[in-house]
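Alright, structures below, take your time with them.
After this come two complexes, each holding subunit A, first together with subunit B and then together with subunit C.
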Partner chain A sequence: MKGRFFRFVLFGLFALALAGLSIAQEETPGVTADTIKLGSFIAQSGPVAPIGIPVVHGAQTWYNFINDQWGGIYGRKIEFIALDDGFNPANTVAVVKKLVEEEKVFAIVNPLGTITYQAVFDYLREQGVPVVSPHGNAVFMCQPTVHTAFSIQPNNIAFGRTLAQYAVLRLMAKKIGIAYVQDAFGTELNYYVSDELQKRGVTPVATVSYPGTETSFSSYVLQLQQAGAEAVILLGYLADAAAILREAETLGYKPKWLGTNTITPVLYQLAGEAAEGLIAEGFATDPSTPYHPEAYLFTMLLNRYFPGEVPSGYSEIAYIGAQMVTDALVQAGPDLTREKFIAALETFKDWEHGLTPPISFSPEDHCGIEALWLFELRGGGAAFLEEWDWTQH
Partner chain B sequence: MRRLILWGVALCLLALAPLFLRSYTLYILSLAGVYVIATLGLNLLTGYAGQLSIGHAGFLAIGAYTSALLVARLGLPFWLSIPLAGLLTGLTGFILLVPALRLTAIYLAIATLGFGAAVAEILPRWTALTGGYQGMKVPKAVLFGLALDSDVKLYYLTLSIVIVMLLLARNIVDSKMGRAFIALRDQERAAQACGISLTRYKAYAFFISAFYTGIAGGLYSFVVGYISPGEFDLAKSLLIFMMMALGGMASLPGSVLGALFLSFLPHWLSGFRGLQQFIYGAALVLVVIFMPYGFWGFVRRWTMPDKLERLPRPLRAVVEFVRG
Partner chain C sequence: MLAQLILSGLASGSLYAMMAIGLILVYKTTHILNFGYGDMTMFSTFIAYMLLTWYKLPFAVAFFGAIACGLLLGVIVDRGFLKLAKDAPVTSLFIATLGIGMILEAVAGWIWGYDTKPFPYVIKGPPLFLGGVVIRRHDLLVFGVAGAIALLLFAMFKFTDLGIAMRATAQNRQAARLMGIDVGKIATLSWALGVGLGALAGVLIAPIVFLDLSRMILVMIKAVAAAVLGGFTSLPGAIVGGLLLGVMENLTIYMPAALAPLKTTFVFLLIIIVLAIRPQGLLGEPVGRRV
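Presenting the complex of A and B:
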């Protein structure tokens, strides 16, 4: 009799505990009456810090503005926790576990890096944590579509195919050379550029690749020159592009240069006049554009919260990503859940705040920008050439 | 007896850790366990046998890719893939034996550096096998039908492998082989005159060291769940070297302390934005100045000061290596 009673009590306690657990689980992680916790992994130390710190500041600027101007979203202030992973995937796993399991963030927003995101991609999907606007061009970020992952940046398919199409169809180049950096970014881009050229019946006259630590570029440039490339596609970073341009200038080699979204007018500071005439692709308005109200607002806000910080493409894209996050939070309504947030993002049609081409999502397609903007470096700045949608050509 | 109780208490604490630690800390502990094994491997080679190596990230990479590929491509069970990774890495250790029989001291260090750099260059280029710069995802470890999918399970796995490897290392050090290593390190010619075969024991040392680091690499790929060539660079070789030097050369508990300290330090410092590198560097300099025998030497100073002189100092040891 006593034993049965004891078992009954035990069962009751167990049921209560279960009920308590299920109630606790129904609560949306990271959302309280007056805060929404958003997390991110962004390298703020080590070699990638010069990119990571502007990214943190750009996103923080918009979240601060929303908090100060409107007191947050439906009375909830946004708390943005950007942890430093040092751009090391093993560390990314650690900080993401901390964000998801200790801080219990609502979503991961504006994370930085391809290999770092790759390391936690499956974990975040299994945990059902939404990820919005990762900084990186890798294809896996939005293809194949994952219910919880949304990208703004175009991926390497768009960047690679656009450059190849533009060189063949617009510049009418017959002899095309490629120079790419040996890492995840350069090799993936080279794959899509070469594939697109092949589709158009063009075989590159020379393809050179260099390690990311390379400092002397004369042999690579000489190879391109001897192959007689009239157009050279540069798939690397700003510093290597500058070194290649300077080397070509000394050799008297003047092909038409094409570069990807890593090239900005900052190239003039590194390569001088050799930068003139380079065609680059991008997807956001240069923050220094005059008479542009949105670019002005961004520059002004960034200077309010981070005095002395020079606006760059990195902080600007993070700022745009933050705008998308807050817009989706507003649309998701006051009773916030992750599913409502995802549903809100999936209804975005031609979304833009004036700094990017229009962005559309659907339940089947979580890739943001497809059409790219092409610029030509002229007189120290970037002159807009045209919008190019690679799927239309 | 007192020592046994002390180790028993430490073991109980570690075994009960998942009850009061969170998954984030458990993950870092597991990762630290991986480095404990790698540091043990390096310590057997450098601390005991006196062969300087700054290319151990190469072994770690070979172990990590071997176990990951064995499971992902050949569908081998996970428990088999780690020992196989250790054995294969151990065999690659013989590559370093070739220069080690001809070179000494700093010249050997340069050769090991070259080995590490070569592995780091080959991995991304062998795209068909390794997936190139993008790296590869590692399938979840499954042990006899039980999926090791949580940090707690991975922690217990790592802990048990660390204990086995520690006991094995202790037996190696206390055996005839361990004494031969030490004899060759301290007086190469005298040891040979006593009948110790230089070639054979150097071969053992490189095999064992690479085997340990291969096991660590195999475990690394399952703990992190993703590997890419960029992680196994010179910085990682130096990290393992620092773990050994800070913990204490020729000391097994020292390897544990050094690996734990350097695994947790960056996470403790993550709050000091911008100051991390400075504090990190300063901490290392302070340890070398005030704990010249490493952490374990510092502990030993209180527990058994009479044995202190038997421990080699990290800096002095390096200087001796350089002199040859």
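Presenting the complex of A and C:
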């Protein structure tokens, strides 16, 4: 009788435990016995599509590889749903609600854009949806720290302070000029460049700002030249930089030019020889680097899943973001919850797969790359100068 | 510094003037403000780009290819689109031209992509020094071409039968038709010429501002301002307006740095002041009310 009672109690407890387990399972959105659903908002139509499509392909490449090579993570295949918001924040709100409330995704990963992310940032935080590796430089993405949000890309604090430090400490420039574009990107960068210069006791000899619609740059260049700036920090986009460099070339003005990660060797196509010697920032290995096993693996896998796609910085950083997501999923263990996933990310110390500088997170710090790679444009390409961690100077 | 600012301002101003001429030509004869002008210019310039870089054809071929494309586009816009809506009010036709522009933009993005592309100078060589100031050879060319075209068209309107027919059509369509002028043909011709001149402008502007889907629209906005400043119906006015706008823009650097973000607005404010004093613009015909 006693034994039967105990068996009954045991059975009851077991049933309760099972029920509890299934409740716990149901409580983790996007996770079933055989899938993990990940969502994203990435423009795949309109003017930003040339960036968005490589981002989708880069991330998808790594998720496909994990699914094909190991059957997913702990038997769960990764389903990556990247919805097209056309880079319109109003659409972003709609597609993210669909992802969170209808698709019930586990996390938002590799999303594209600053204004688009800003539109859903509070909503995602309130819903407790983890966000990993947004593609954008804005400071709000990781500062102040939000429990659920993690970045890989360096932000404008890192980009801005690094340029200012490099100009003062390495180039020993005394007279520094700044040219920035009047938008959220340019003004945020200018704030951190100017602040860092001020900390080092340097007042810019000239700060010029131009509207994003500008087509005539002579007056800005003349102002910089007149002020005698020997180093000029460019905080704008590739075509602006090209126009400024060409104008300076015409006027015979040759300062040392510095620029952010918007500047790549593509500048040579627009500015020609005037691009030579410009120092720019970067944070990921050029996918075409020879004798680099990780760059080779990326290129090979991208070609396997998207034949004919030319590897780019956009597909590469998305691929790296996907690697971080799957590493955190593995570390979170088979009984996956959002909290375990977040806890796993917060233990990352000097994380990298050979394509970026090391990344560390903690419960207080969810910002990714701090140390940047500095390049100089030389002979039509980019020559590596050094790694610069602004937090160490 | 001041001399250089003025000269550089004249250089960018001649781009605005160049761009404004085609806009005014169409407006003068049809009273339609071609909102799709920037996109039409962009499309024709991309044709030149394609002939140059994809097919490696000589510059002259690309140059005339762009102009041919512009002329053809003008004919298509008039005969293919606007004729269909000939009874619509003129303001609706403005929007029709905007729509055509958007179609062209989408097609151009599809064919040539969205990134900014380089475009070669027509004449290369080191810049020229005039006293203490510097100017690109290309700027002199743009300046010369814009001036020559404005004068040629001015003469055409004034002295040739075609020009007189164009002016008559602009003034009173009904009366012109009764006088035996084929107003339909005149409109098509104006569109072809206007968009063709846009193509010519595009080939001269692209080396300076580069080529992508939106850059020509940015120049067009300045061109509209230049045209308004000069008097919307006057071709020499477009030149004067363009040059003045270019110089005024450059001189805004003397504004306090804190006001720098208002630079563009300041230029438009100046235009409003000019219009308040001279409603017809600097060289425009006096504003008459049509009954």
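Quick note on the criterion: the second predicted complex is superposed on the first by the 367 of 393 C-alpha atoms of A that agree within 3 Å, B and C clash if a C-alpha of one lies under 4 Å from a C-alpha of the other, contacts with A are read in each partner's own complex, and residues count from 1 in each chain.
Keep this in mind: contacts are C-beta pairs under 8 Å (C-beta built on N, C-alpha and C of every residue); 3 or more make two chains touch, one makes a residue touch a chain.
These numbers were taken from a predicted model, which means no experiment stands behind them.
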I'd like to know which partner A:223 touches here: subunit B for first, subunit C for second, both or neither.
second
Touching A:182, do we find subunit B (first), subunit C (second), both, or neither?
both
Look at A:387 in the shared chain and tell me whether it touches subunit B only, subunit C only, both, or neither; answer first, second, both or neither.
neither
Contact-wise, after the overlay, does A:123 reach subunit B, subunit C, both or neither (first, second, both, neither)?
first
Name the contact category of A:115: first (subunit B only), second (subunit C only), both, or neither.
first
Which partner does A:27 reach: the first (subunit B), the second (subunit C), both, or neither?
neither
Of the two partner chains, subunit B (first) and subunit C (second), which one does A:90 touch, if any: first, second, both, or neither?
first
If you stack the two complexes on chain A, which partner ends up touching A:102: first (subunit B), second (subunit C), both, or neither?
first
Would you check which partner chain A:138 touches, where first means subunit B only, second means subunit C only, and both and neither mean what they say?
first
Per the definitions at the top, what is the overlap between the subunit A residues touching subunit B and those touching subunit C?
182
Once bound in the complex, which stretches of subunit B touch subunit A?
22-24, 27-28, 31, 124, 132-135, 137, 151, 220, 224-228, 230-231, 266-267, 270, 273-274, 276-277
Residue set of subunit A touching subunit B in the complex reads 44-45, 83-84, 86, 88-91, 93-95, 97-98, 101-102, 114-115, 118-119, 122-123, 138, 182-184, 186-188
Residues of subunit A touching subunit C in the complex
47, 49-50, 182, 207-209, 211, 213-216, 218-220, 222-223, 226, 238-239, 242-243, 250-252, 266, 269-270, 272
Show which residues of subunit C lie in contact with subunit A when the two form their complex.
1, 4-5, 8-9, 11-12, 15, 109, 113-118, 127, 134, 136, 208-210, 212-213, 215, 218-219, 221-222, 246, 249-253, 257, 260-261, 263-264
